[in-house]
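Scrolling down, you'll hit the structures one after another.
Both complexes shown next keep chain A, but they swap its partner, so chain B is in the first and chain C is in the second.
On to the complex of A and B.
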């Protein structure tokens, strides 16, 4: 049963990801990303990583992508041509790079599958289990994310400072 | 249940965080219209205090925070290195941002965060921890690179650095995920055991390539070096100096920890790849550096070339190679920072970074000209200065490991690099100055620091013994 659901959501995920890259209209890109993330979080739930699945749904689909959607709608972007003329010369390099990457990736996946098929982790992905690990083994990295937030705050304050006043001068 | 934390080991990071919080509060409390640069002054004093404290902590050893944080001679050496780098950077920043007013205060805070990030990188013993430390450093560098908001070049540099940096971060995480899939852990110790007990598969090779590519972004080596010239040119000069010395050294401490400790068992498989990358990196840097007309771009490509030389030590994969990297970086610290100090003072006075404007500098300021000459000659690797002996050890290391062809390529590259370094030196000493050129005044503090850097270049070149011993003990 879970195998059926795995293939079901995996198919949705791949279709949605393709649509993220291929859709012409920015609005459809963002909406497809929402679908992709929903499918991805379902896959996490199938792996019994409930916490990661929920966080993915709440943070990405719930907050980040809605924010994207606002930006896209505010900018009022129209459908774009799939490729700019200037990019056409580069597409062969892109295809070559992509093929090389895909080849290496396939090789890597082959040895990955040969190694062992991994089932769900022995630790259940509940909030309790994640919290326990986060505050014991991973205490230091967890605390260090506060530094990351601090950098972000300083960065925004210093770069956005006076942005409005320079706008007036123009 | 709860991990036992040995606070002694993290004392430096804790002290720095306390200083950071103190300075942040001070920034808020201080009256906004004050002209005196309190934060810069206090940061400088705090740094000197931290260096004095750190020199007494040389015997610190151990692991804490459930194996996330390691304190060994390598970490000690590089933390001391980063502290000394920051002394120079703070002095340059005070000079460079004289005109910036209150915005410079946030810049100091970002510099402190970058310092904390670099020190944590040196002590990381887990990929998760390493990733977060690298991001603390890199994100503060993104902001600092784009700090001159009214300067188009600075914005462009910040944007390029951000995009390529995010790409590198993505590569890094992707590589880690494959490694985790193979070894079932992100901890260095577990992965090291995995490497000893398993042969390298194509999956782990894939992971290794991705991780190397991402770290080479920090070290400015091929294949992730495309940002170097534009970012070096556009960033405020103190940031360029930090990128070229601090960020590069942070990249190499990661590479050393990964390739000398974690992946050491797979040395035969990766050493040839690193040797080839080293040859490509140094040739690329040196060839393009020849055609530069802007001194910051020139030093950018020269920094790529030096990353190539440093990779030789990694390709050698021996203790001599590792000691060579440490020694080389030590010489590179004083050499490159001396050059950037001259550039900061000159660009503030002349308003230009074009090499053509350096004509006749020797008649406008003797000390600047002498500082630049010593730096360039040491970068080129002419005895008896620091750069020569560093290159010598690295060449010895690769020859002993059997890569004679790499040593030959490096030697050819060193000869090529003479050309562009000495061209600048010729402009400074031989060409006549422009008719309206006024003498350049150097502030007293910077003059002292420049003399200190020059003394460092000469001392490391002549008295190799103690410095080489320091470099050698750092890898035990």
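On to the complex of A and C.
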């Protein structure tokens, strides 16, 4: 049963990812990323990482992607031609991406076999378990992320102020 | 293996697309792939650290997306396009 669900959500995830990269209209890119994040969150729940799955759903599908959608609609972008004549450099990057594809695929295959040899353990990522370790062993990184978010807020405010001072409202 | 496939799709998207928003979305795919890998190995190793790292990655990704989109909005105001090719010069 759970294997069936795994393959089901994995298929949705891959289809949505392909749609993110291949779809023409930016709106469809963003919406298919919502679907991808939802499938990913379902996979997390299948892996019994409940807390992280919920955080992913709330933060990504709830906040980040709405932000994306807002910007796409605000800028009023229309569909851009996907296949323009590529530059020489860009073709090289494409080839590099293909090579990395092969490399990551081989590595993933190897790690998949290793993981299969190990077999799943019986940890459950409930809020209690994750929170306990977050506030004991990983307290310092946790506080540092709050600093990071503060710096991000400052950065955005200063960017927006730059836009205001050039005489254009945001 | 699934995370490898997602990572590869995201990588191709980052390197080949000309559209800045699409580059940012593909970057999200890369982070999502690494998140999936972290959670899977946390499950298989019986260690909670992987899930905590995913938590931090989500936070960092949120900050990165906010800054990136702010830069895109500014770029649109300055250049009235968001093709990556339009960024030929780094002078303001």
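The criterion applied here is as follows: the second predicted complex is superposed on the first by the 132 of 170 C-alpha atoms of A that agree within 3 Å, B and C clash if a C-alpha of one lies under 4 Å from a C-alpha of the other, contacts with A are read in each partner's own complex, and residues count from 1 in each chain.
One rule holds for everything that comes next: a residue touches a chain if its C-beta (ideal position, glycine included) is under 8 Å from a C-beta of that chain, and two chains touch if they have at least 3 such contacts.
These numbers come from a predicted model, not from an experiment.
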What is the contact status of A:59 with respect to chain B (first) and chain C (second): first, second, both, or neither? second
Which partner chains sit in contact with A:51 here, chain B, chain C, both or neither? Use first/second/both/neither. second
Identify the partner contact of A:68: answer first if only chain B is touched, second if only chain C is, both if each is, neither if none is. second
Greater chain A contact set [chain C / chain B]: C
Looking at the overlay, what does A:104 touch: chain B (first), chain C (second), both, or neither? both
Touching partner for A:139 - first (chain B), second (chain C), both, neither: first
After lining up the shared chain so the two structures overlap, which partner does A:2 touch, if you call chain B first and chain C second: first, second, both or neither? neither
For chain A, give the residues common to its interface with chain B and its interface with chain C. 104-105, 107-109, 111-112, 115, 118, 138, 141, 145, 148, 151-152, 155, 159, 162-163, 166
With touch defined as at the start, can you tell me which chain C residues reach chain A in the complex? 1-19, 21-22, 24-26, 28-29, 32, 35-36, 39-49, 51-52, 54-56, 58-63, 65-67, 69-74, 76-77, 82-83
In their complex, what parts of chain B are in touch with chain A? 1-3, 17, 20, 65-66, 68-69, 103, 106-107, 109-110, 113, 116-117, 120, 126, 128-129, 132-133, 135-136, 139-140, 142-143, 146-147, 149-150, 178, 181-182, 201-203, 205-207, 209
Hey, which residues of chain A end up touching chain C in the complex? 10, 13-14, 17-18, 20-21, 26, 29-30, 33, 36-37, 40, 43-44, 47-49, 51-52, 55-56, 59-60, 63-64, 67-68, 71-72, 74-75, 77, 80, 84, 86, 90, 93-94, 96-98, 100-101, 104-105, 107-109, 111-112, 115, 118-123, 125, 129-130, 133-134, 138, 141-142, 145, 148-149, 151-152, 155-156, 159-160, 162-163, 166, 168, 170
Considering only the defined contacts, which chain A positions touch chain B in the complex? 104-105, 107-112, 115, 118, 136-141, 144-145, 147-148, 150-152, 154-155, 157-159, 161-163, 166
